[in-house]
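Each structure below is given as structure tokens.
One chain, chain A, links the two complexes that follow: it is found with chain B in the first and with chain C in the second.
Up next is the complex of A and B:
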């Protein structure tokens, strides 16, 4: 699929060269369609996303209405996966849990990107002492166990979903700082950046018009992996009772509530567990598939 | 792909942890120590200064002793008082104390200590949570070092029972002020250590005046989370759990030979308490509507997995004076809506529901919030920690609705208290309680108790939900724990490991 990459000696026209760079970055996604792990990952992610999006507008059953008479029903056409200890439809609960997971992880990864990427670009652009201080501080946050940060924040500011979002967001920041900085540094020597500077463009403009578009692929790949981590973190926090609070549903909370019933209703734990596995696997495979393609050697093999 | 495997491993680990709780209930018989779980951590360890039941669970007859005690069957037995005489007019009680009894701090237990303890508890500035227990006492005097004369201002049918409460224990004048953090009593166990948030440890008092207990060390561990409680029992970290918070797991434990499950009665009336002076809840019709919107059987099935008896007033169903008032406000959402309409709340309104940590409260709360939303009352659930519940709800009355179990025996009198957290005020009810205090004859007392039950049910002070069972899960080799809880206590004096 990918046309033969333009080697540097042929790179006479800087404008053309940048377009190639940029085109190449988007061609990954076309190439990716040939990677099995990417396709599987994308399919699983798509499944979870679809369920989560549908859950925003519609659920097969009203899960705010508890009906003890209907509890522990076996799977049927009415209740696709049966009902839980309060008579709620498990399938609806899982859909609603997917919604919670996706909203939390999207916002958390969003926080990481919105704060992390500018900081990373700043570090790459400034270099020198800023860069050193900045990155060491970044390492510090990075080294701190992420779930511990989350527990700290939620226990100080209370048990609410928003605090879980912030906590998960915070540990996404250093990841994006690194990716943005690394990506930007690799572009620093490029002629088109020099040309842009010669043309009189300011730092900000160069960053926005030339650097950012060229590292977008890296960021998207990283975001996909971070999404899976955020889903796992949200499930973990909710399992500990620090995330979603009633009446919100979450897979982690479902796991927590079903633990003592595992001897007679194991499906209550297995189903949300599977949902977590599917979504983490999905986003991870998708991200890993994309990342493999970024490796030039691998890319050649795939193309 | 390395990361992927990491996640798969984590997922696998989490799942296997859930599915295969390691069943290693280790016999602790050789060491003669006991690890027992209770749901709530006490705010401190002075039973004469707080209503929190967890204090009595740990300390009653283990650390502290009173003149009398209440046994497993709810009967009064002598303890520090060997025996007593009652004068013909019923107004003078003479208690003869055991001699050679020492407090854990070495000071002697004598009439002076008894007089000090009782005077302190009934003083006007006393912080005792159950001052009504001492209301009938006019004076306490010491004709001899081991002789206590208690004079009453009116005949009382319940003095000996009242003196058996944890709130009436005898404390040492020397150490009374430090009992909150360093409890000193005359009991068979002495306080050793309190690791906040985790456990209180007590050890055998080798100088004990009476028969020595078999156990030499007992740790009370605080676990309110059902998952953690079940895991601790299955893994053998706990030898017993008093007030087991996971009723759904009881069947699983019953079928396991390593464990014994005792389901007894408790004095715990579980209620949906309402702030009778706050907003819409000040309106009787609104409170009645809430009562009509709740189906008790759903709560008992859904939150308690069938373990619990429905109640219609603040009274234990196993008491002979119990009146079944569960039919007074039957489950009827339509009626509830009509009542709300009559009260002028047709469009519904918002309430908060503060839930303390025990699982019966958290789970019932979810069900009740759902039931109330059916009649148009929008309930926001606020989970709170126990200390926060005691200060916000119980002390400062900053709440709309809450769920809690009142585990003191015969505690219908709390509805006569000024400034109690229900914010209920009824002179008629107070008069009945006053009369009950002065009545000795059993059938007349029962009539008054019945009257009182009906009054608070009609006033719909709270929504009365169910009687909490007293569930104890224990290692099958552990013997001697109470099956029923006629008073808040975990009496360890006769608990032992069988060989």
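Up next is the complex of A and C:
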């Protein structure tokens, strides 16, 4: 690492001050506000997050109460999107589903980051055998899609929402290993890292104070994309009965329950699906918009 | 090249080996006593002992693993505890549904995705490209099992064109079996094709900006010939990588889609096994699916090296 910095021909390119570098890496969040897809994505994500957060404290209707009288009501001012087969307000169910979906995805992506980022940084810092081991480890986890992990956990421990969190979380680890490793490797030649070493800072301190802040933008962008994938995965697992269990509501579970009634109440199958599409689209567009701005090769093409 | 293949092959074997150990530990060691788990809490000690003996649980861990691996290498996945038939037989039956489903979906997603990507790249920046890209962005966000439900509602319930679910065996009625797989494979393929189209578009645009394409144009080659001879062929390489990555999702998707359309494939088998706590079936099916994913990624790596010699040194 040290040798490369001193002898590299690219010395000029790497002679940014760290502050400049950091400013550059956060600049793009400002630029992002001019990207249409980012604004649309952020708006959709904001909508879903708001509904999910409100659902933690308040729902328009009580969805734990079943009422045969109110079955299959058409949309009205009382029931914004109508009611389902048990007389529950569909809009309230969707809000509650947003809450489940967001909580599961946040925890799952959190697991991926908390375990994946340190591993990736270690692989980048130590290289050699660590690198090989982590890459093999990535291959290995990749062979276990989250559905299979959820199947395994459920077959041994029975059904629970935590299975979905763990299964999606495990699948997120290699993604963050890769991003953190790649980001850290791109910083290796920087002179401020060398300066930090000369100042007597240890490996851990350099990583925490200099490497991590400089790859934070990469990690945030990836987290946004992973959130969208986690929402998709959670819906799939809940649809299969491997995720949310009663009394929790989930979009996937709503879809599962709607299937037998699709011929006379298709809205029960359409609405939760639209909720999934809107949230996945939102986080995806937001992440994509940010990533396009991060990638200088792409940026040149845009301008 | 031979050295690269051997290197990759050895890493394939090592990955498979570790995967099998993990799976074995998870199913046979973590639950404590699999026999107890399979029979439930109120089973009498006598039958638990009998099942323990049947499963070979009274033998040391190491021998159980060796036994399992050698048996599996011979195609013997053990005897299903609930069906009382060989798991290998069960799996073979179910593969007749799952493999055609996965392959149809794969071909459909390539058949739809690649042309869309080429069209978008050809018209880059124009309205057609913009409309296509927005559609693809939405397509990527659609969960395949929901698309399955929508297809059931539109094509089966409303229009009555295709069956809404279920499956007739291939040798009973080939055409009916084929019809039963059309909607499921479409549901699997459409979201995948959106991803393939996007990768194809950006890869093709990338390649069309290369110097050798400009040279070819300057030489007098028509725009279309440039696109096909210099663009598409080179642009396919990143698409190949994505296909390898997507295969893992395709297998996971097959498991879900089979539940949507009530298809008697591997996914359904494993779900019945979970509710009946038949760990032997779960172990066999998961190991098979994992092996398939790892092997496919190996094959794609080799294909990749065949196309692009620079990668062989890696």
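We take it that the second predicted complex is superposed on the first by the 279 of 303 C-alpha atoms of A that agree within 3 Å, B and C clash if a C-alpha of one lies under 4 Å from a C-alpha of the other, contacts with A are read in each partner's own complex, and residues count from 1 in each chain.
Rule of thumb we're sticking to: a residue touches a chain if its C-beta (ideal position, glycine included) is under 8 Å from a C-beta of that chain, and two chains touch if they have at least 3 such contacts.
Here the structure is a predicted model, which is why all the values come from computation and not from measurement.
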Partner chain(s) touched by A:68 [first = chain B, second = chain C, both, neither]: first
Partner chain in contact with A:262 - chain B first, chain C second, else both or neither: both
Which of chain B and chain C A:232 touches, first, second, both or neither: both
First, second, both or neither for A:144, with chain B first and chain C second: second
Which superposed partner A:281 touches (first chain B, second chain C, both, neither): both
Contacts of A:245 with chain B and chain C, given as first, second, both or neither: first
Those residues of chain A which chain B touches in one complex and chain C touches in the other: 228, 232, 255, 259, 262-263, 266, 269-270, 273, 276-277, 280-281, 284-285, 288
Complex contact set, residues of chain A against chain C: 37, 136, 139-140, 142-148, 151-152, 154-156, 228, 232, 235-236, 239-240, 255, 258-259, 262-263, 266, 269-270, 272-273, 276-278, 280-281, 284-285, 288, 301
In the complex, chain C residues that touch chain A: 11, 14-15, 18-19, 22-23, 26-27, 30-31, 37, 137-138, 140-143, 145-146, 149-150, 152-153, 157, 205, 248-249, 251-252, 255-256, 259-260, 270-271, 273-274, 277, 279, 282, 286, 289-290, 293-294, 297
Residues of chain A that touch chain B when the two form their complex: 64-66, 68-69, 71, 85-87, 159, 225, 228, 232, 241, 245-247, 255-256, 259-264, 266, 269-270, 273, 276-277, 280-281, 284-285, 288
Residues of chain B that touch chain A when the two form their complex: 1, 3-4, 7-8, 10-11, 14-15, 18-19, 21, 225-227, 230, 246, 248-249, 251-252, 297-298, 301-302, 366-367, 369-371, 373-374, 381, 383
